[in-house]
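These are the structures, in C-alpha cells.
Next come two complexes built around chain A: one with chain B, the other with chain C.
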Partner chain A sequence: MTLVQVLINGVVLGSTFALMAVGLTLIFGILRVINFTHGVLFMLGAYATWFLETRAGIPYLVSVPLAALAVGAFGVALELLVLRRFRGMLVEGAVVALALAVVIQNAAVLVLPSTPQTLTTPFDSTISSHGVVLSSQRAFIVVAAFALLTALALFISRTRLGRAVRALEQNVYAARLQGVDPDRVAPLVFGIGATLAGLAGALIAPLQALLPGAGDQPLLASFVVVVLGGMGSVGGTLVAALTIGIVQSGTTTYWTAPAAVATSFVLAIVVLVVRPQGFFGNA
Partner chain B sequence: MPDVAIGEGREATAAPARAPRPGPSPALRATSVVLPLALLGTLLALPQLAGPFVLHIFILTFFTAALGVSYRPLLVAGQVSIVHGTLYAIGAYVLGILAVKHGVAFVPAVIAAGLIAVVASILIGLPSLRTAGAYFFLVTFAFSVVVLSLIENFPSLTGGFSGISGIPYPPGISNETDFFYLVLAAAAVVLGVFVVLDRSRWGLELRGLGGSPELAESVGVWRLATLLAAFAVGAFFAGMLGAFYASYIGFIAPQSFELWLSVSILTAAIVGGARYAWGPAVGAALITLVPETMQWQGAVSAIFGGVLVIATLMLFRRGIATEATDWIGARFGGWTRTLGERAAASRPAAPAVPHPEEPLDAGPGEVLLAVEGLDKSFGGVHAVDGVSFEVRSREVLGLIGPNGSGKTTTFNLISGFARADAGRVELAGASIARALPHRIVRHGLARSFQASATFEELTVLENVALAAAARGRNPVTRLLLPLARNRAALRTAWEVLELVGLADRADLEAGGLPYGEKKILGLAIALATRPRLLCLDEPATGMSDAEIAELIKVLRTIRARHEIALVIIEHRLAVIRELCDRVVALRSGALLMEGTPEEVLSHPEVIEAYLGGGDG
Partner chain C sequence: MRKTAPRLVAIVSVFAAVITAALLAGCGSSSSSSGSSSTASGGEDGTIDYGLLTALSGSTASWGTAEKASDQIAIDEINKRGGVEVDGKKYKFALKTYDNGYDPTKTATVGRQAIEQDGIQFVENLGGGTVAAVQPIAERAGVLLFCSCSGSEFLGEDHPNTFRPYYDDAQSLASILQYFKQKNPSATHIAQIYTDDDVGHETIPLTEKPLEEAGLTSSVTYVPRDATELYPVLTKVLQDNPEAIDVGASPEGLYDGMVKQARELGFKGPFMFPDAFDFSSASKALPAGDLVGSLSAPCNLTAGSATGKKWAKAYEDMTGEEPQWWSAQSHDNVLLLAEAIEKAQSLEPDAVAEAMSEVSVEGATSGGGTVKYGGEEAFGLPRAFEVPYPVCEITPGGPGGRGVQKQVTKG
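After this line comes the complex of A and B, so read on.
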C-alpha cells in the first residue's frame, strides 16, 4: 500500500476521532467531568441509525441526522438527571460517568440482537486513482466531519452562546458574575458533544458489523487523542486526532492491526512524560 | 487545561460540616471488636455448613474484597485508576506462564507476579501521577485496554484466546476447603496490612492529599512519591492475588479478565466507601454475593453494580459503610479511640500559657530570605516584575498592595508552588528557587493559604500532627510507624495547639470548626512544620475584631518565643501597623516602595494605589 493511501486512511480515521474527542474535551472543559459515556453514545448513534434504516425504513441520509439528534437529546437528559450533580468533581464525576456507561452498554447487550448487524449506505461506490482507493462512504465521513467541526468552531468563536462556553471553560466564577448560567450552558455543551459522538457512530456504522461493544475502541482512541492534544484544548484535539489517525493507519498497514491502539497509547505516554500538559495544551 | 491559581479560591468541593463526634461509647467499642470476630468465626465454620458452590462464591468474594481493600489507598488520596483488575490479570498470567511453561516453584512465582505488577504500576504511574487532574485516570484506562488486547493477541506468550490451563494448586493445598481457608487468610492479611498502614504517617498523608493536595505539599508531603507508593503497594497485592486466583481456577483466558473487573473493584470501593480500610470489603461482598445468589447473568450483574455506584454517589457520597459507621458514631459515640485519646500521653503536662507582651530581646538578625529579581508572567500578564526584598531572622515583614499586585504569586514563587521565569530565592544561603514545595518546607519555610486552609475531614490534632510528622526527617521506618506512637511529632502538635489555643478542640473534625478557628488552625498547621520563616497569606481576612486581637497576640508570641520571621500579606492595615517591622508595597507586580509601616502606609503613592488604583 502506498504512503498516500496510508495518509488518506489516517485522515478518515482521524476525522471520526476528532468528532468524538472534541465533544470529550468540551465537556471536560465545562463540566470537569471525564465523560466515559462517550463510547456508548457512539454505539447508540450507530444502533439508532441501524434501527431507523432497517426497522423503520428511513433512508440512511435521513437516519444519520435523526440518530445524531436523538443521541444529543439523550446526552442532555444524562446531564440534567445525573451528571449535573457532579459538575466540577473530578473523581466522582468520572466514576458516575463510567457507571452510566456500564449500565447503558449492558442494557444494550440485553436489548439488542446478539449477532452482528449491518446497514447499507447510498455511498457504496469507490473512488480510485493512481492505485489509491477511497470508498465514497469514507469520503462522506471526512466531508461531514470537516463541515460539522467548522460549524462548531464558528459557533464557539462567533456566537454569544459560544462566548459563554469559552468563558465557563476559563473561570466558572467570573463567568457567573457576567451573567453566564452554567446550569443552562452545561446541558447544551453536553448535548453538542453527545450529538457529535452519535454522529460519529452513525457515520462509521455502514463500515463495520455492529455489536454493543462498538464504542469501546473509539472511546479509547479519543482518550488517547485528548491526552495528546491537551485536555480542554479544541485546536490541539483536532491536530492530535489526525495525528493518531495517521499513526494507527500506519501501524495497521506496516505492522499489525492489534498494535495500532497500543502504539498510539505509547505515543501518548511519551508525550505525557515530555509535556505533562499535553502536546498542544498551553496550561 | 486552565491553571487553577494556587491559594486563590479553588472551586469549593468541601463536604458540608458534620456535627462534632460525641465522646467514646463503650458499647460501640465492644461491638467494633466483637463484630469482626463473630464474622471471622462464622467464615471459619462455613466449610462445615455449606456446600462447594457456596464456598466458591465466598472465595470469589474474598478475592474481590482483598482487591478492593488494596485498591483503596489511591482513592483515599483522591486518585482513581481503572487498572487494578488488569494488574491482577498480569499477576495471574505471570504465575500461569512461570508455573506451567517454565516449571517455576509456586512461592517464587507468586512473588514475581507481585513484583511485575509493581513494575507495571510504576511505568504508568510515574508519567501520569506527576500531572494533576484527569490524566492518571485516562492513562490507566488506556493501559488496561492495551494490556488486555495484548493478552489476546500474543498467543505465543499468553496462549491467546485458548489461554493457559493446568495451573497447579499451591503446595499443601489439595481441595476447595483448603483453598477457602487460604484465600480467607490472604484477604485477612491484606486487610490487616492496610488497617496498620492507615494509622501511619503515610496513611494520614494520603488522606491529606485527598483533602487538599496543595496544603499537604506545603507541609512536606512529597505528592508524587506518596501517590506512587500507594499505587505500587496496591499493585503488589493485586499481582499476588491474581496469582492465587490463577492457581485456584486452574485455567486463565482473556475472558476471565475483562475491563469490567477493574470497574467492579472500583465499584466495590465506591459503594463501600474509602474512609475505612474495610469499607471496600463491604462493597465487594454486596456486588459479588447479591448477583451470585440471584444467579444473574453477566450483563444484569453489571447493571446492578453500575446502578449501585450511581445511587451511592447520589445518595451516600462517601459510601454505604462510611456513612453508616459515621451516622451511628455521631449518634451513639465514637467506635474507636481517637488520636487525641491515644496520644494523650504525649500532651505536655503543664500547658504553656502564651505570653502576649513578652519583649523581644534582640532586634532583627542576619538575612534569612533573600529574593532578587523575581519575575513571572502568565501568558501576557506580568504578574511579578523583578521583585527583590530581604527578610531578616526574627523580623516581621508586611507585604501589601491592591488585588492583582502579585502578592500571592510572590508567595507561590518562593514556596515552590509556581516556578519563576527569572530571579533568585535563597533561604539561609541555600537556593530554593527550583525546589518543590515539600523540599522547601524542610529548609524551614512554611506558608499558609487564603483558601483551603485546613484538611477538612481530619481532626484538629490530625491536621497538626500530619504537618509535624511530614516535615520531620524521619526514615522510612517512621513513615510506617503508627502516628499515635510518633512521640516527637505528637509533642510538636500538642505544643502548637496549646500555643494557638485549640488544644481542647483536638478531636473535632476541622471541617466543623467556625471560620475564625479554621484560620487559626491553618496557622497552626504551618507552625507545626517548625519553620524559621512563616509566610501568611491574609491570615486575618474575614475575622472579627476579637479574633484579630487574638491572632495578633499569637503572632507576637510566635515571634518572641520561637524566633520565627514572618512575612504577612494582609489587607487589614491595622494588623500590618501593629505587627510589622517593615513593609513592602507592590503595585502591578513591581516593587512600589519599602520602609517602616508609618512611612509606607502614609505614602501618597501607596494610598493612591489602594484608593485610586483601577486594579483594586
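After this line comes the complex of A and C, so read on.
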C-alpha cells in the first residue's frame, strides 16, 4: 500500500506545482520575463487567505477566491508599474523580478507575525482505506487544480483573448499585424499567472505552518516543472508537474528527503539533454 | 539613439531596484553606530556593546524574538543598578541586534558587520547550524562568542573563547526517554526526524547512548529545515510503526508541520521535543488535541525563585506573550558576563573568558537558581551551562481541548 500512498502524495504535490508553474510558463511565454516574484505571490495568496479568515472572519471557501483575486490584482499592478518596462529583456527582467521578490518578502517579514500561522478549512477530515490516507483538503487541492487548469486550457484554446495570448506567445510581430495589442494582453496574462500562484498558496495554506518564506520551495520546483514541460505549454506543465511530484514523493519515501529536490534537477538535466525543448515545448 | 534611452532607463531601474532590495533586506538588522564595542574617556561613563546575531526572520524568528527580549531584560537590569565598574569607570550595556535568519551565509555577513565593522567584543549567536559561520571570525578577532545553540563541536580546548549558554539536547532527550520508558515499559522503537544540517547530523550520534540506556531503538530520517510538505517523509517514517517521534531541534514551522501531517496520516503516539519548544504558539497553530501526550524537556512552567518570577514578568511585559523559558539562559548569560567583567576588572575578552568560569549568578534558567558555566564533569564539555532537565507532558483538557502542559519530572 506504500506505493499507492507515494503516488497519491506525488499527485497532490504535483497539483500544487502545476498551479504555480502554469502561471510561470504563461508569463514567460508572453512577457519573456523569468518571474522570480512567483514565490512571493504564492506566499501572499496564503497570507491573504489567512488574514481574511482569521482577522476578517470570512469563511475559508470565500477567502480563497478573494485572496487569489487580490493577488491577481497585485500582479497586474506589478506588470503595469514595473515589469512592463523589461518585457523581452531576459536578464534585466529576471534581475528586477528577483529584486521585487526580495523587497516583497522582506516587507512581509516586517509586517507579518514572526511565529508560524495556520488556518482552518472545512475539509478537515481524512479518507482512509487499506492503510492509504488522503486528507479531504488534499483531495480538494487535486480537484481544484485540475478544474482550474482545464478551464485555463479551454480559455486559451477557445476564446478570442486566449487566441491573442497564443498569437503573442508565438510571434509578437505577426500578432501585432493581426491587431493584437501586447500592452493590453500582457497585464491580463500576468494577472492570470499571479491569480494561479495566489490560489496555489491559498489552497496549500491549511496544510502547513505559514511563514514569509512559504513560496521559496514551490518556486524552485516550479522552475524545474516549466523547464521539463516546455516553456509556454500548459499540457506539458501539467505532465511535468505530476512527474516531478511523484519523483519527489518516491525519492523521499524510498530514499531520503534531502535528495528529492536534487533528483528533480537531475531529471530536468537528463530531459534537457535528450529533448532540449522539454516534454511538449516547440523545437 | 532611439533605443538607447529606454535601455538606459531600464538599466538604471535595475540598479535602483537591486539597491532598494538590498536595503530592505537589511531592515531586520540594526547595527552599532559606534566604531568600538566599549567606549569610555576620562572619568565619563562608557558603553559595552553586546552583539546578538539571531533570527528575526524565517522559520526560527520566534526564537530570535524570545532571545532578544531576554537579553534586553538582563541589560535593563544591569544598567538600572548602574552598570559594571572597571578600573573606576562605569560602563553600561547596549544591545545591538543583527538578523542572521538562522542562515550560515547571513550569519557570516552580520558576524563580520558586528565584529569587524562595529568592533563588538562580546557576541551571542543563535543556532548550532550557523555557529560555524561566525566562530572563525570571532576567533580571528579574539572576541568572546556565546552560542545559544545545541551541538558541541564548537566547544573544547581549541575554542577557549566560545561558550554555550544553552542546555544539552542529548541530556534533554535522555530525560524524556527515561520518562517515556517508565510510562511505556513495553515500548521498543521510536522515530527520529532531525534537520538535515550540522545540528541534526551532529546531535544524532549523541542520542545513541540515551536510547540504549532506555532500551529503545530508533530509525533516523533527515529533512530540510525549511521543508513544508512532509507526507512523503512521514509515509516512510510511519512504515516502521514507531511508538514516538523525536523531532530534535526542529524549528517551530517544521515541527508544527510534522505533528499536523503525522496525525492526518494516523500516528497516535507522542512527539518528543528535546529542544526549544513553544507550547503556547504550537497549541494555537495546531488542531485541538494534536499535541496531547507529547513530551518536552527541559521544561519549566513556573518560576521557582524571585529571580525567575522577575524575569518571567519582565518577559511578559516586554513581549505580551508567555515566557519561552529556554531563553532565560540568554538572560542569565548576560548577567554572568557582567559579573565576569567586574571580576576580571577588564574588558579584554581573554581576561573576561577566564573569569566567566569562576562566577555564578542567581538566574532565571530552569525557573530560577544558581547558574554557572561547567559541564566538564556532567557531559565532558567545558564552558557549557549546567542545568536540570525536568520533563513536561501535554495532557488532555485546556481551552478548546488544546491540551495542558504539566511538569512530570523534576529533572
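In the analysis below, the second predicted complex is superposed on the first by the 282 of 283 C-alpha atoms of A that agree within 3 Å, B and C clash if a C-alpha of one lies under 4 Å from a C-alpha of the other, contacts with A are read in each partner's own complex, and residues count from 1 in each chain.
Operating definition for what follows: a contact is a pair of C-beta atoms (placed from the backbone, for glycine too) under 8 Å apart; a residue touches a chain by one contact, two chains touch by 3 or more.
What you see is a predicted model; the values in this text were computed from it and never measured.
*Asks:* Label the relationship between chain B and chain C on chain A in the superposed model as either fit or clash.
*Replies:* Here chain B and chain C cannot both sit on chain A without a clash.
*Asks:* Just to be sure I read the superposition right, which of the two partners does A:Leu61 touch: chain B = first, chain C = second, or both, or neither?
*Replies:* So A:Leu61 meets neither chain B nor chain C here.
*Asks:* When the two structures are overlaid on chain A, which partner does A:Met231 contact: first (chain B), second (chain C), both, or neither?
*Replies:* first
*Asks:* Have a look at where A:Val4 lands relative to chain B and chain C in the superposition and call it first, second, both or neither.
*Replies:* Once the two structures are laid over each other on A, A:Val4 reaches no partner at all.
*Asks:* I'd like to know which partner A:Leu272 touches here: chain B for first, chain C for second, both or neither.
*Replies:* first
*Asks:* Let me test your reading of the model: by the given contact rule, A:Ile127 touches which partner, first (chain B), second (chain C), both or neither?
*Replies:* A:Ile127: touches no partner chain.
*Asks:* Could you say whether A:Leu154 touches chain B, chain C, both of them, or neither, answering first, second, both or neither?
*Replies:* It touches nothing on chain B or chain C.
*Asks:* Tell me the contact category for A:Asn171 with respect to chain B and chain C: first, second, both or neither.
*Replies:* Touch partner of A:Asn171: chain B, not chain C.
*Asks:* I'd like to know which partner A:Val103 touches here: chain B for first, chain C for second, both or neither.
*Replies:* Touch status of A:Val103: both partners.
*Asks:* So, does A:Gln248 touch the first partner chain B, the second partner chain C, both, or neither?
*Replies:* Once the two structures are laid over each other on A, A:Gln248 reaches chain C alone.
*Asks:* For chain C, which of the listed stretches 43-51, 61-69, 97-105 or 403-411 runs into chain B?
*Replies:* Superposition on chain A puts chain B right on top of 97-105.
*Asks:* Which positions of chain A sit in both the chain B and the chain C interface?
*Replies:* In the superposed arrangement, which is not itself an observed complex, chain A uses residues 82, 85-86, 89, 92, 95-96, 98-100, 102-103, 106-107, 109-110, 216, 256, 258, 261 for both chain B and chain C.
*Asks:* Quick check: in the complex, which residue numbers of chain C touch chain A?
*Replies:* Per the stated touch rule, the residues are 6, 9-11, 13-14, 17-18, 20-22, 24-25, 27-28, 56-59, 61-62, 64-65, 196, 221-224, 226-229, 231-233, 235-236, 239, 252-254, 256-257, 260-261, 264-266, 278, 281, 285-287.
*Asks:* Using the touch definition up top, name the residues of chain B that touch chain A in the complex.
*Replies:* Within the complex, chain B touches chain A at residues 1-3, 9, 11, 13, 75, 78-80, 82, 124, 127-128, 130-131, 133-135, 137-139, 141-143, 145-146, 149-150, 152-153, 259-260, 263, 266-267, 270, 298-300, 302-303, 305-307, 309-310, 313-314, 317, 379.
*Asks:* For chain A, which residues count as touching chain C in their complex?
*Replies:* Checking each residue of chain A against chain C gives 2, 5-6, 9-10, 12-13, 82, 85-86, 89, 92, 95-96, 98-100, 102-103, 106-107, 109-110, 114-118, 120, 124, 126, 128, 133, 135, 204, 207-209, 211-214, 216-217, 248-254, 256-258, 260-261.
*Asks:* Spell out the part of chain A that touches chain B in their complex, as residue ranges.
*Replies:* These residues of chain A touch chain B: 28, 34, 82, 85-86, 88-92, 94-96, 98-103, 105-107, 109-110, 169-173, 216, 220, 223-224, 226-227, 230-233, 256, 258, 261-262, 265, 268-269, 272-273, 276-278, 281-283.
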